[in-house]
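There are two complexes below, and they share chain A, which is joined by chain B in the first and by chain C in the second.
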Partner chain A sequence: MIQAKDGRTLKFHIFRYNPQLEGDEPKMVTYEVKEAPGMTVFIALNEIREQQDRSLQYDFVCRAGICGSCGMIINGKPDLACRTLTSKFKNGEITLLPLPGFDLIGDLSVNTGTFNRAMSERVGTWIHDEQAAEKSLDELEERMDPDLADEIYELDRCIECGCCIAACATKRMRDDFLGAMGFMKVARFHMDSRDKRSDAAWYEIIGNDEGVFGCMTLLGCEDNCPKDLPHQTKIAFLRRKMVGVKV
Partner chain B sequence: MKNLLEDIGSRSRWPARLDVTQSVTGLALALFMWVHLVLVSSILLGKDAMYYVTGFFELKFLTGWTHGYPIIVSIIGIIVFAIFIIHAGIALRKFPISWRQHRIYRDQMSMMKHSDTNLWYWQAVTGFVMFFLGSVHVYVMISHPDQIGPYASADRFVSENFWPLYLVLLFSVELHGTIGMYRLAVKWGPFDGKDPRKNRKRLKRLKTTLTFAFLIIGIITFATYVKIGIDHRGSAGERYAPPGHSSAMLEGGEVE
Partner chain C sequence: MNVIYTDSLVIGGGLAGLRTAIATKQRGLDTIVLSLIPAKRSHSAAAQGGMQGSLAATIKAEGDNEDVHFADTVKGSDWGCDQDVARMFAQTAPKAVRELSTWGVPWTRVRKGPRSVVINAERVTINEKDEAHGLISARDFGGTKKWRTCYTSDGTGHTMLYAADNKAIECGIPVHERKEAIALIHDGSKCYGAIVRDLITGELVAYVARATTIATGGYGRIYSVSTNAVISEGIGAALPLETGVASLVNMEAVQFHPTAIVPVGILTTEGCRGDGGLLKDVDGYRFMPDYEPEKKELASRDVVSRRMTEHMRKGKGVPSPYGDHLWLDITLLGKEHIEKNLREVKEICEYFLGIDPVKDYIPVRPTQHYSMGGIRTFATGESRQLKGLFAAGEVSCWDMHGFNRLGGNSVAETIVAGMIVGEYVADYCESESVEIPMSVVREFLRREDAKITAIIDRTNGEDVYELKYAMQKIMMDKVGIFRNGEDLEKAVQELEALVARSRSVAIQNKIRSSNPELVEAIRVPMMIKLAACVACGAHARTESRGAHAREDHPERNDRDWLKRTLAIWKNEADDLPTLGYEDLDVMKMEMPPGSRGYGKAEIIPHPDTERRVKQIEEIQSSMPDVDRHELQKAIMPYELPEKYTGKNERIGVGFE
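Take a look at the complex of A and B:
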């Protein structure tokens, strides 16, 4: 059972900057919050906004680690605020920064939408099947092996929170690098029997230094994915597949 | 919308070839350096052991332990140098190419304190060091292939002042090689097995163990050559002759 240390006062050092406000400068502001049992960083942020500073910006939707909105840098690590218990920080000091690698909206809020949209279009994150248009809507969909469906579902757990992108020094150095989120989508559709793209077709998407051959295997994605997705093995799999593509 | 099913075959295969070549040359160099360390450390078994190991690679057993064929060393050196240059040239693609990129990488290191991210940086630094120091060493070996032996090598350490170069090179090679081998394993996944995360931890432990083991062997070997070099400083240039070998037999090789 998770228990907060009784009576502990947490110190939140939070990055504050609103690019919309003329003359505003980036700064760190400290807030004190009384810790409650089972408190998450997200709950603490709510408390700060409700009781101390209504201008504090951060994103959230589901509060349950599913929507991927509340990704931020928590004491140096990208993670979801709603899934991070304050009790895990023994000294009670918590520094919060916005996810790097994305456009800043304000304070801890970043625009992952533009990035995700571009990534989806680049990878083509939908089933590609030239015959699809000719199929009747009344026709039953082809059967899929339940084990394959499970494997696809496992990779489909990506919530596009952006933690893997922020954790990747390669992506941060090189804007045009696809990043782990994109590779996870490729692995997911590559596996899907309904998607008719061949390895040669996938090579057109990720067969360059901005794609899988640009990955330096730093494994920040693998070690910081809030959903524990198998980034390491999937990127290695894609690399092996792409190397095997003949001219 | 771009039709991803039609536009096949337009993208170059060179990125794939370069990635494989970087890995294969890295693997070859790392294995070579591990064997190299074992051979060089034969001095720990005594001067005679090192003398015979050197003689073996110069094919001295074919000439009755006289002159041998030191050109073999030059040929091996040229092959290694070629692989080294190819590896370095391809690996350069990954280096930060501007101050901005370097700054971002350093910021990421200090923010995340993530071990594999940090290891890559030290691999890049040691690789950069080896561009220069490794080239000097390999060129000397290619151009003076007969100058390897218990006294000849020790004299190079001390009397020819190569010891600072060798000391930096030792740390650079051992760090770069073991980190590189670990990264190769996780990059291509040959040891993923049924539990890739557990196996990655094992690989990392193995990497750390090997780094320390090679560094310890290397440092003791380094110290041994330095000691022999200091003792031999008064007669630098004189070649080692094992007991029982006449100078006539050793002509052209490690002779007095």
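Take a look at the complex of A and C:
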């Protein structure tokens, strides 16, 4: 159960910058918040906004760690702010920065939406099967091996939060690098028996330095993925597959 | 003037919105989706447990079909639903599950042979048939006769939403993100689109469309604690209300989910109990069998929530700094099952409570969860007052759920409604030649712009957060699980005062571009009006039906209350909505009102009920040789887009 270590004063050091406001400059601003039992960064930010600065921008939707809206850099690590308990930080100092690698909307809010859509279009994150549309919805569905369904779900759990993108050194150096989120999508659809793309077709998408050959396997992605996706195994697998493709 | 033209404008990028958009796009119409957020972040993703569809592949679903699903849905609704719509839904749901399978949802599949499950606190082994191997499986959920809830672990909504959004991307449907519709463009009889505010630049744009579909989800955030996402503030429902013409319906029908964690109100899925989890009290005692010996923890949601509340009122709750709660015990399901089928629940417990549900009990309490009411539409999804305005999903009330929704039926409704309503939207776009009166568009743009200017310019006024919290508290304290005339009357009076105060909101952060306080200032006055509709409807309805439980009127009164509550906001100067009523026609029902089989049924019958029962018996005995489909058609014919009328195949019975 939630234990109350009540009464502590937390210091939030928050990146502030509104590109919409002419003349605004990026700066760090410190806010003090009295810690409450079970307090998350989500709860603290709401309190700061309501009681101290109404202009503070950030994104939360589900506040339950499932929608991927609230990725930010929390004391140096990309993570989901909604499920980060303030009690985790022993000295009560919490520094918040927006996720790098995405366009800044303002303060802690970044535009993951346009990035993710572009990634989706690039990878083709949908089932490619020319026959699919002809299947009758009245008839029994195509069977699938139960284990395969479970394995696909493991990868389908990605919430597109962007933490792996923010943690990736390669991505920071090369804007056109697909990044781990994209690799996980490739691995997911590659594994899916319903997707009829050949390895050669996948090679077109990731068989280059912007793709899987550019990855330095430093695994910032796996270390920071809030859904614990198996980046290391899957990136290694894709690499092996792609090396084997005859072009 | 900033104008964007399209054929089909869809407001809301969750499952209902995306599926509607896909339908209209596939019919060749230019389609745009508006969303507050990236579509994949929509609240649909939070539906954990699964979607009902009578595929009947698992052995525990043997004998299931549309008829059984229909009957469960009608009973669950406490006979408040529109039975035509429940039929349309039950017929289309299996197709929806199968379609999503072709779009990539990795539905959990049946594995042939023995498997160990927990039923009524005991481990039993069930044997899945060879012929079912690899077909889509299902789990048990409350208020259902069969195991009918198709699922992917406990991330069903997430996988469905991703599949639907990916399909939308494949179809090339633009999703205009971080846009908020703040008013409908209409002339009192037809809707022409919406005035939309860009949440980054603050710019206002008129999206002009042949047809406009609202699919923005529920309004749980009018309560202080809700399982809903923080964006589920009901603005999509408020837009038609603001027209003064279009009506909302059954707004008092609000569902409380039995098992949200305490204190933050995050949901743990009904799948916990469906898979065998138990509810326990302060003494570790399993109390549900005492109240509901037959269905126990798997009674309908409204029933379980009330029983839990009753039990806590008897002093059996577990005291905590956040008030009393009860325990959800899933430890008996075992580590392997939890880590595979309830892993989101496990994560939530770990991160938000610091406990491990494999070993520890989960603190839970009934919490606002779902809005059965919403925008009143025909069975086609079209508004009954404004042509060209449609609604789908939780925000709408074509009335599939009546006064209580079954678990697994909402995420199913989103996609089924999108399939069906999308076709009707396309029909409308193809048949109507829409003359857009540009003067009307201009006037709406000007008006909304002036409203925002007024908010920004006002130097002295009401604090928007203060108003919001006051509203939420009223709803929590006085319009909750158990209701009574006295509290409801106070709630109505207090909300009336808040409506008046909300006309003079002032803000501190005076900029037009991205400004969270301005967003609140636009939304909160609309939310308070919605809250007033809920409270007024609840106050006027002097009976108990489904989730609407009046302590001072405990009986279900079919004689006087077999009707829907309509709410419109006639004049902008009004401080309360105007209520009206719409009768349900017993003589048209396939299932005349009866008992749901919970507790002791107190029902004041409708005078037509007996007559209709007889009539149906006569139809049945006059057609002894027809199959169930023919018989159904004779009793209650209903319409559905042609493409969804085919019979559904199931193992063992084929297309029977």
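For this structure, a couple of remarks:
One rule holds for everything that comes next: the second predicted complex is superposed on the first by the 240 of 247 C-alpha atoms of A that agree within 3 Å, B and C clash if a C-alpha of one lies under 4 Å from a C-alpha of the other, contacts with A are read in each partner's own complex, and residues count from 1 in each chain.
One rule holds for everything that comes next: a contact is a pair of C-beta atoms (placed from the backbone, for glycine too) under 8 Å apart; a residue touches a chain by one contact, two chains touch by 3 or more.
The model shown is predicted, which means the values in this text are computed figures rather than measured ones.
In the superposition on chain A, contact of A:197 is made with chain B only, not with chain C. In the superposition on chain A, A:172 makes contact with chain B only, not with chain C. In the superposition on chain A, A:34 contacts neither chain B nor chain C.
In the overlay built on the shared chain, the residue A:85 is in contact with chain C alone; chain B does not reach it. Taking chain A as the reference chain, the count of touched residues is higher for C when chain B and chain C are set side by side. When the two structures are aligned on the shared chain, A:20 is found in touch with chain C, with no touch to chain B.
Comparing the two interfaces of chain A, the one with chain B and the one with chain C have residues 124 in common.
Within the complex formed with chain A, the residues of chain B that make contact are 2, 4-5, 7-13, 15-16, 18-20, 93-94, 96, 101, 104-105, 108-109, 111-114, 116-117, 120, 183, 186-189, 192, 196-197, 200. Every residue of chain A that touches chain C in the complex is listed here, in rising order: 1-4, 18, 20-21, 37-38, 40, 49-50, 54-57, 59-69, 83, 85, 105-106, 109, 111-114, 116-117, 120-121, 124-127, 129, 132, 135-146, 149-150, 152-153, 156-157, 159-160, 189, 192, 194-195. Listed in rising order, the residues of chain A touching chain B in the complex are 73, 76-77, 97, 100, 124, 128, 130, 167, 169, 172-174, 196-198, 200-201, 203-205, 207-209, 211, 213, 215-220, 223-224, 230, 232-233, 236-237, 239-240, 242-243, 245, 247.
If you check the complex, the residues on chain C that touch chain A are 37-38, 40-43, 45-46, 55, 94-95, 97-99, 101-104, 106-111, 133-137, 152-153, 155, 158-159, 162, 166-167, 169-170, 175, 177-178, 200-202, 229-231, 263-264, 266-267, 320-321, 340, 344, 347-348, 351-355, 363, 465, 507-509, 511, 513-517, 644, 646-651, 655.
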